[in-house]
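Once you scroll down, you'll see the structures, which are given as structure tokens.
In the two complexes below, chain A is the common chain; its partner is chain B in one and chain C in the other.
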Partner chain A sequence: MDWSIVGKAALVLSGLSLVFGALLAIASIKFAVETDPRVDQVLEVLMGTNCGACGYPGCQVAAEAVVEGKAPVDVCLAGGPGTAEAVAEVMGVEAKTREMGVALVHCKGGLAESPPRARYQGIDSCAAADKIAGGGKACDYGCLGLGTCKDVCPVNAIRITRDHRRWVNRGRCTGCELCIEVCPRNLIEIVPRKQNVLVMCTNKDKGRKAREVCTVCCIACKKCEKVCEFEAITVKDNRVFIDYEKCTQCGKCIDVCPNNVIVRVVPRKSRSTKPKADADA
Partner chain B sequence: MSEPYRYFLIFLGAMVVYNIVLIRFIALCPFFGVSNQVETSIGMAMSVLFVMTMATTVCWLAWNYILEPLHVGEFLYIPVFILIIATLVQFLEMVLKKVSPPLYRAMGIFLPLITTNCAVLAVATEAVKPGFLKLNVAYHFSLPEALIYTIGVAIGFGVIIVVFACIRERLETSPVPHMFRGAPIAFMTAALLSLAFMGFANLLDL
Partner chain C sequence: MGWVRNLQRELFTKGGVHPPSNKIAATMKIFPGPYPETVVIPLSQHIGAPCEPLVEIHDRVLIGQKIGDSEAYVSAPVHSSVSGEVTGIIEYHHPTGVEVLSVQILSDGMNEVHPSVEPLGDPMEMTPQEIRKHIRRGGIVGLGGATFPTHVKLAPPEDKQIELVIINGAECEPYLTGDHRMMVERGEDIIEGARVIQRAVGAERIVVAIERNKPDAISVMKEIGDEYGFEVAVLPARYPMGAEKTLIKGITGREVPSGGLPMDVGVLVDNVGTAAAIYDLFYEGMPLVDRVLTVAGDGVAGHANLRIKVGTLVRDVIDFCGGLVGEPGKVILGGPMMGLAQYSTSVPVIKGTSGIVVLRGETVWKREPGHFVCIRCVLCVRRCPMNLMPYLIGSYSDAGMWEELETLNINDCVECGCCAYKCPTKNPLVQLIKVGKEGMARQQKKMEELTEALDKE
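And now, the complex of A and B:
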């Protein structure tokens, strides 16, 4: 056996390794880019879902913006106050607290309540369905139930059942507002987290026409407006609006609503004691 | 055969006839991994073109001026090439970060991925050891030939991954049966593409 070839091989490999190692070592000094160590620290405490709700393309860029002072410490909408405090701690400033709302889909009608007028077989997105003659839904204002909002939700707070009923998990929802933009029918609103009495219809048609397309629609009968002692409810364009600041959540409007359009959202824990409650909103 | 014509044949052979993904089944990992969106697949394709060209140049030089003269290339080429490619990618990453931040941001995610990409090693090997090649080339590539071959392979990879990404984006909105959604339909599409490329078999000979 020719031992010289082994020697040569060892020489070549170790020589090349040394050269490359030295090259990398020199390059790492010469081409070092100075980065603020706080960027990594901020990135650590952000949600890390890269949801983009803050308006920056991803958590890395948001962290850089925070460190550069271009973004406030509560930049992370999805993280809520907890994340804002953690970021503020890294940056050494006081955190402002922002009142976090929760998403609400203003429609109660599933397939059972508002039977489809046609079978939609196109692209699986609400925007596309809305463009094609309003999709299969009989109601021109109601939720199409194809789940575009569910797809954009970074924390999986929205659930859509097989009969096209929607649930927003209030425990999970961070009020990041991503779902608002994608809904072609503008059904989603961020409501205060403490607000439990909610209107579940946006239909602007007159009572009779609305009733033709859905059994849980608002017919603008104004009973709720009359019964409200705090002038919190107004009916405009055949739609019901609740002023969340005036509303005391007494629930009188719920009792008088003939179509059960106004509902009280019940927290998950107490649902078992109130079996007839309208669940999570 | 004239010189430019030979270059053209090497290029075309590397790019289409012996396409690295669809005919030789190398680099399938990035082919499926980064072909979800057209934009990212273009980034990946550019990065591969960039790294492959650099890697082949250095590997060709190392083979012809270090390994061959010492007669150790035959059994040492894999560790040496891996060493070269890994170092080169690290080095390029550092240089790009410093010199051209926009380019770094465009390629940044893909560069570390390419470090361990089998396609880069395969191309570097083929450029110096044409025995691996099915192009009927029984001689060693000169440096220009090796470069043209490499660019051909990289463009072949790039075109295929972008085409595949386009198809996958279209598939996203197609009524695919539920059980085939995602990876299964992607695999089937790739298989059909591969079948289509078999039509190029033996199209040209050097």
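And now, the complex of A and C:
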């Protein structure tokens, strides 16, 4: 075996690698793209789920926008105030205290309360069922219960039971607003986190017609509007609206509501003696 | 043979399915339908702007009296089908599943006809403009099911010359036999109506298209055809032979361009029912107040072809035919392939209702709601008459990938249902395509708004 060939090859290859290495080293200094180191830092503290709730195509772009000053530090809706603080720390500014709301599905009627008027056969998606005269749901305004909002929720905060009732886990929900857009019946609203007294119906029909399709519907009797001492409740288009700024959550409207449409959301802690990790509503 | 190709050959070689035809009512004569006590006439029975009510509550109306009209061009007025008292102008069920403004009339049983109903004179001496005006006033819409206002169809733009009028008697939907019976019993009226259409658009010829499975209708129409000088095209019996675009391709060999209309290839297609309604309008003066429909299916006691007054409730029609048999599974207005399943039998019959098909529960309940499962067998691609790829459209629509749908020409889909019929995993592909069409339109609107906002910046 001629060892000189091996020696020559090793020399040539190491020489080549030295030359290219040097070229790369020069190029990296000469043609360096200036990036703000803060982009990476911001990216690190963002949620990293690329959910798109902020309106940017992904977390990388959102981070760049924050560093360029195009987006506020609380850009990440899914991350909530914690992420906003972390981003503010990187950027060296004071975190704005934006109150993060929670999602609320304005409908209480499950299969038991609003019996289906037809048997739905089709795709398990609310948008698809809504195309076919609302699937089997008797109420033209109520939740279809097929769970499109549940599917888009990035933090698994929405739960739909077998009888089509739905619960939003207020501990998990970050108020990212992704579910609002996918609901074909526009039932989901972001309400302030502190608000516990909520209206659970959007039916715009008159009392008798609404009652035909659901036992927990708003019949627009206006009792809540009259009993409210703070003028926080208005009835418009046979629907009840609560002004969350005026509402003191006294609960008088809950007592007078004949159909139990206005409810108080009880934090889980007070119901259970054993608090769970995610039960911090 | 000029326009008509050699029809002995197989016509459209690609696509289509052979559902069991179930045309049990094909031998039954058209029978006058029930005389309803109450009719509910929706003010929106056509494609286009809904009508405004012209009557008030407690008014007395007569048969053929106009009760709703609109200022819009693409719209058709609505006439009363009974004489009686208006008992309400209410939001009422509509076959499309939404609630629309409707006029409820309590019949007085007198059957009094409005004085305006009298023959309009010889249409062959009228100008095309006059014919279109009368057709609009008669509230005539396409009776095949799409309910597009006929006067709009008869007014092609100046640069498009209609050369051929196809009278569509294919009736490829299973169960339905109304058009078939019309051709057998009212062949000459249909041809008189077709000649009015021919005069309105200045077409050279008329072709009556009939599927091969209606030999009696073919012989009747051929006999009349020799007399009047028009051709009868005998088509293979295959669904969706009667769809406008496949029909044109089958008869003339011309393909309607994507997003185009039949007038782009110089053809106008009208249903036999529409032609008969035009005859009634010109020679008897009666506007469109009733239509022929088929009641069929294993869930109803008797099959029949009935002449039903527009606004009659479906439950009255079903009761007239002997009522329901067994556990009702689906009540479909229209044919079983493209018709609309109803959640209630208190919907009214409208101008576009070509049939009432009642199917038993055990016949139709074969699939529970579930997720889209595709095994990529591409039976749907082989059966699609429009050369689309339904399984891909379904997948993209299920995943919410609206932008990709555009590249698949989703808007060319005629929603005939061949793909869903053939799908071995029973995927509701048409439903997914409908969702996809809507999602794509929404996405396009959103993108337009976004581009506008960016341009402003």
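Note that in this section the second predicted complex is superposed on the first by the 237 of 281 C-alpha atoms of A that agree within 3 Å, B and C clash if a C-alpha of one lies under 4 Å from a C-alpha of the other, contacts with A are read in each partner's own complex, and residues count from 1 in each chain.
Assume a contact is a pair of C-beta atoms (placed from the backbone, for glycine too) under 8 Å apart; a residue touches a chain by one contact, two chains touch by 3 or more.
In this text the structure is predicted, and so the values were computed from the model without any measurement.
J.: For A:Arg208 in the superposed arrangement: first (chain B), second (chain C), both or neither?
T.: A:Arg208: touches no partner chain.
J.: Applying the touch criterion given at the start, work out whether A:Leu146 contacts chain B, chain C, both or neither, answering first, second, both or neither.
T.: In the superposition, A:Leu146 touches chain C alone.
J.: If you stack the two complexes on chain A, which partner ends up touching A:Ile132: first (chain B), second (chain C), both, or neither?
T.: second
J.: In the superposed arrangement, which partner chain does A:Arg162 touch: chain B (first), chain C (second), both, or neither?
T.: After superposition on chain A, A:Arg162 lies in contact with neither partner.
J.: For A:Leu23, using the defined touch cut-off, is the partner it touches chain B, chain C, both, or neither? Pick first, second, both or neither.
T.: After superposition on chain A, A:Leu23 lies in contact with chain B alone.
J.: In the overlay, answer first, second, both or neither for which of chain B and chain C A:Ile123 touches.
T.: So A:Ile123 meets both chain B and chain C here.
J.: Taking the contacts chain A makes with chain B in one complex and with chain C in the other, which residues are shared?
T.: On chain A, the residues that contact chain B in one structure and chain C in the other are 121, 123-125.
J.: Chain B touches which residues of chain A in the complex?
T.: Contact set of chain A toward chain B: 5, 8-9, 12-13, 16-17, 20, 23-24, 27-28, 31-33, 121, 123-125.
J.: Please name which positions on chain A make contact with chain C in the complex.
T.: Per the touch definition, chain A meets chain C at residues 117-125, 127-129, 131-134, 136, 140, 146.
J.: Any idea which chain B residues touch chain A in the complex?
T.: So the residues of chain B in touch with chain A come to 62, 66-67, 70-72, 75-76, 79-80, 83-84, 87, 90-91, 94-95, 97-99, 173, 175.
J.: In the complex of these two chains, what residues of chain C are touching chain A?
T.: Touch residues, chain C against chain A: 96-99, 341, 343-344, 365, 367-372, 398, 428, 431-432, 434-435, 438-439.
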